[in-house]
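Structure below; questions to follow.
We call the chains A, B, C, D, E and F, going by the order they appear; numbering starts again at 1 in every chain.
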Amino acid sequence: MTHSKEKTGLSHLDDQGQAKMVDVTAKDETTREAVACGIIRMQPETVRLIQVGGLSKGDVFSVARVAGIMAAKKTWGLIPLCHPLMLTGIDVSFNSNPESGEIALEARVKTVGKTGVEMEALTAVSVAALTIYDMCKAVDREMVIAEIFLQSKQGGRSGTFLRSGFSPSPPSGS
Amino acid sequence: MTHSKEKTGLSHLDDQGQAKMVDVTAKDETTREAVACGIIRMQPETVRLIQVGGLSKGDVFSVARVAGIMAAKKTWGLIPLCHPLMLTGIDVSFNSNPESGEIALEARVKTVGKTGVEMEALTAVSVAALTIYDMCKAVDREMVIAEIFLQSKQGGRSGTFLRSGFSPSPPSGS
Amino acid sequence: MTHSKEKTGLSHLDDQGQAKMVDVTAKDETTREAVACGIIRMQPETVRLIQVGGLSKGDVFSVARVAGIMAAKKTWGLIPLCHPLMLTGIDVSFNSNPESGEIALEARVKTVGKTGVEMEALTAVSVAALTIYDMCKAVDREMVIAEIFLQSKQGGRSGTFLRSGFSPSPPSGS
Amino acid sequence: MTHSKEKTGLSHLDDQGQAKMVDVTAKDETTREAVACGIIRMQPETVRLIQVGGLSKGDVFSVARVAGIMAAKKTWGLIPLCHPLMLTGIDVSFNSNPESGEIALEARVKTVGKTGVEMEALTAVSVAALTIYDMCKAVDREMVIAEIFLQSKQGGRSGTFLRSGFSPSPPSGS
Amino acid sequence: MTHSKEKTGLSHLDDQGQAKMVDVTAKDETTREAVACGIIRMQPETVRLIQVGGLSKGDVFSVARVAGIMAAKKTWGLIPLCHPLMLTGIDVSFNSNPESGEIALEARVKTVGKTGVEMEALTAVSVAALTIYDMCKAVDREMVIAEIFLQSKQGGRSGTFLRSGFSPSPPSGS
Amino acid sequence: MTHSKEKTGLSHLDDQGQAKMVDVTAKDETTREAVACGIIRMQPETVRLIQVGGLSKGDVFSVARVAGIMAAKKTWGLIPLCHPLMLTGIDVSFNSNPESGEIALEARVKTVGKTGVEMEALTAVSVAALTIYDMCKAVDREMVIAEIFLQSKQGGRSGTFLRSGFSPSPPSGS
């Protein structure tokens, strides 16, 4: 068997290419934070419909925000090799642009633990986007969930990561 | 209050813009199917690393496939206003292209029920993509989950939907 | 052993007083609906604080509504002897009264199935009330969740039930 | 936007009235304990039926106790803005009074963590009460779950809270 | 690729040996029942300790019974390729023998659906046995969960199955 | 009432024989590890069918491994009186023997916490075995899940435990 970790570089595969949960027993608990972003593209009219609802009751974003927060907490139950973590802070925000027909999503997740919260932030964005999709699909079936990525992370042995060459306008409320 | 369903067209919002689970009590149970697609972009070298593992043990795709299947079944617990459904078939497949640094994902979901399975197929693709991300993030933090969309749906009162003007090459195994 | 069902009348206990999930295999699937109500009592000032938030963004009630809807779907996983059911409609609404310091909650749940949805409606009210409590507890620790009860049910062999001698003013939005 | 935290005082709403999970990253881990109480009112005859079963097998209380303990552990998955916590102790007890037709419930929950366990104790009481309701509803549909409240809490920055002017007789077994 | 279903005979693997949830969309809904059995072996003294508790309050068996019933309902969330099913009846029973140091477990599960409930019955037995283990492990760490198997199944296209050459004495209460 | 802990020795039962979650608030967090083993017996031909699939794609073991890992993380939600724990490492491995018709399973689980991970390791083995059963049951309904036991544990006040007089050949891949 020659597919050792050294060869593949994939930390979730053991010496024989089999999945395992990486052993983090000996790692220190440090303060960690991750920010993930995403975009959902739709008809400009669909964005406006959300905003009309949003201005009076804000419900599409409210429901999507709650869905994203709850999903972040369940990440370890969705992603097979993720470690359970006790999240200490979750923020999900939206920025809608009816001209371009785009809604930008951002999730910021924090913990004090042995592993990072990148997957939790990415899961929050993904499920918030799916929730927007669900609530709008009756009027727009051609929406696309696009460009979900890690914007930054801090803490842990690998230190700070800041995505290069990509600066989406920061979401600011709805 | 003027944000009636007639005005907003968003079926999940009631007369006052508040979230509710759409009442489908009186709808017939029909056979339904939905296909969702997605792409995850990464370094070409990362695709090759997955394939090396994939050729011998196939584990990245195996784990992501299981994660996608299990997530499809949990969709109603993740997306707040989704109806519970008893899925009768779930397929998740991958098509990797080391030249372009892209992995295409496709999920096909079936049920016999009162509502469609679009969200289940989209959730399967999203969680399978997140799982690939999780398993590769140690070697490639700049991956992007992109272009998650509904390819087609069949069954139900609104009938067949086939996405226009988009024909990704069909995934075919790994 | 003498604690037979005939003697105790409790359908969840078998002939020896042991818990079991009641066998409903042979029951017909019928359309069912249940309405449950509840009240949460707090300082009048706390109700006003919710309303201030509620008028602009509606978030306390939005979050509580989503929590109640999601909890209704999970009832079978919380209440040990409840049967799983595919809910076809869930509504959660609130009526706040700052004079009396009371918020009334109502959940209406529907299904087509072999068992009723009383527990689902009661669970939705309970979790929505707990969510309000959670969001307000920093300013008011003496809140009381009170008077959670079944208002009515329809469908099934036992037919229609309408609670006697109790007519709370119906919740109407927020 | 004027609904700042300063104005509303509700810690779960950010500067624009939107839901977020409060950031507790920087808080110390301390030993925490909370006690919640509740009452479920029913026909005196129903209390006696439970006790008859209870004397021989104790099953209604046994099932409700297990349901309450398991629900306490799932609180963070039910209440959207609750932080995940690793509970270190949970006790659920009952005190039934066939004369008044009342069953008193008490849950005591402990942890060592950054946030309190009030919601966990209240959730344990609520779900235990719902379970009693479920097991008795075939013989008594007019039961009322009443007076769920926080009796006391200890630990954390806000220190000890002891509910004033309310001294229910302490539950003592069944 | 030559590992077709025809060759391997394993219905969960597709033509290329990849996992999938078997498509049961076109199957009829029929009444189904499965009975699974298991044994947990321990020190005879441990069985007696359970019985002493069991005679007065029955709690080890009560807790294990509830755990088994709740786990049966969650089977589709635990076993990756299981179909979700709405169970219509679950019974878990125990038969303890202090002489041999054995506790026999039996779970009987029913549904009306497109797939059988073998896995639900086996999961109920497994989790009930794990719960007994958990509650007794402080006094007996050498317990063994042994001989979990399918005793019988009825309904569905493959008809009735009755395990041959194995007739454990039927559990009868505790 | 005389069934005190002193008398029964069962730490999960309180002074009156009622279930409770043992209070571990004051225990130290220490590094803990547990190894559990199990065997699933089947027709020798079934083992060979798995291996044929296993050699090319490894899917039966891949799916069972993922199922075992995910179940270990959910143990506290399945076993009523288990404490929630943040697992820091999980390994599930298999060793198949077509001559004897046996597949050996082993799960190794680690954490840093106040309670041990025996139940998590045993749950991983049980659910991995159930998953193998599920994937093979179409060709072999007489499989038996046998001999699930704790092989060793380390850490915590009770120190190291190593099962006596039992040395199964260690699993080594598939």
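Basically, a contact is a pair of C-beta atoms (placed from the backbone, for glycine too) under 8 Å apart; a residue touches a chain by one contact, two chains touch by 3 or more.
The model shown is predicted, which means the values in this text are computed figures rather than measured ones.
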Contact-graph distance - origin chain B, target chain E: 1
Chain pair, D-F or A-C, that carries the greater number of C-beta contacts: D-F
Interface composition of copies chain B and chain C: same or different, split at half: different
Inter-copy rotation, chain A to chain D, in degrees (Cα atoms; steps of 5): 120
Chain pair among C-D, A-D or B-E whose interface repeats that of E-F, sharing over half of the contact pairs by residue number: C-D
Chain at maximum distance from chain D, centres defined as averaged CA atoms: B
Maximum centroid distance from chain E, chain identifier (CA atoms): A
Inter-centroid spacing, chain E versus chain C (mean Cα positions, whole Å): 32
Centroid spacing, where centroids are CA-atom means, of chain A and chain B in whole angstrom: 16
Touching two or more other chains - residue numbers and ranges from chain B: 1, 16, 18-19, 57-59, 62-63, 66-67, 70, 74, 80-81, 85-86
Chain-chain contacts as defined at top: A-B, A-C, A-D, A-F, B-C, B-E, B-F, C-D, C-E, D-E, D-F, E-F
Chain A-facing residues of chain B, complex: 1, 3, 7-13, 16-19, 38, 49-50, 52-53, 56-57, 59-60, 62-63, 66-67, 70-71, 74, 78-82, 118-119, 122-123, 126-127, 130-131, 133-139, 141-150, 153, 161, 163-164
Sites on chain C touched by chain B in the complex: 31, 58, 61-62, 65-66, 69-70, 73-74, 85-93, 110-112, 173-174
Residues of chain F defined as touching chain B within the complex: 57-59, 62-63, 66-67, 70
Contact set on chain F toward chain D in their complex: 1, 14, 16, 18-25, 27, 76-77, 80-81, 83-86, 113-114
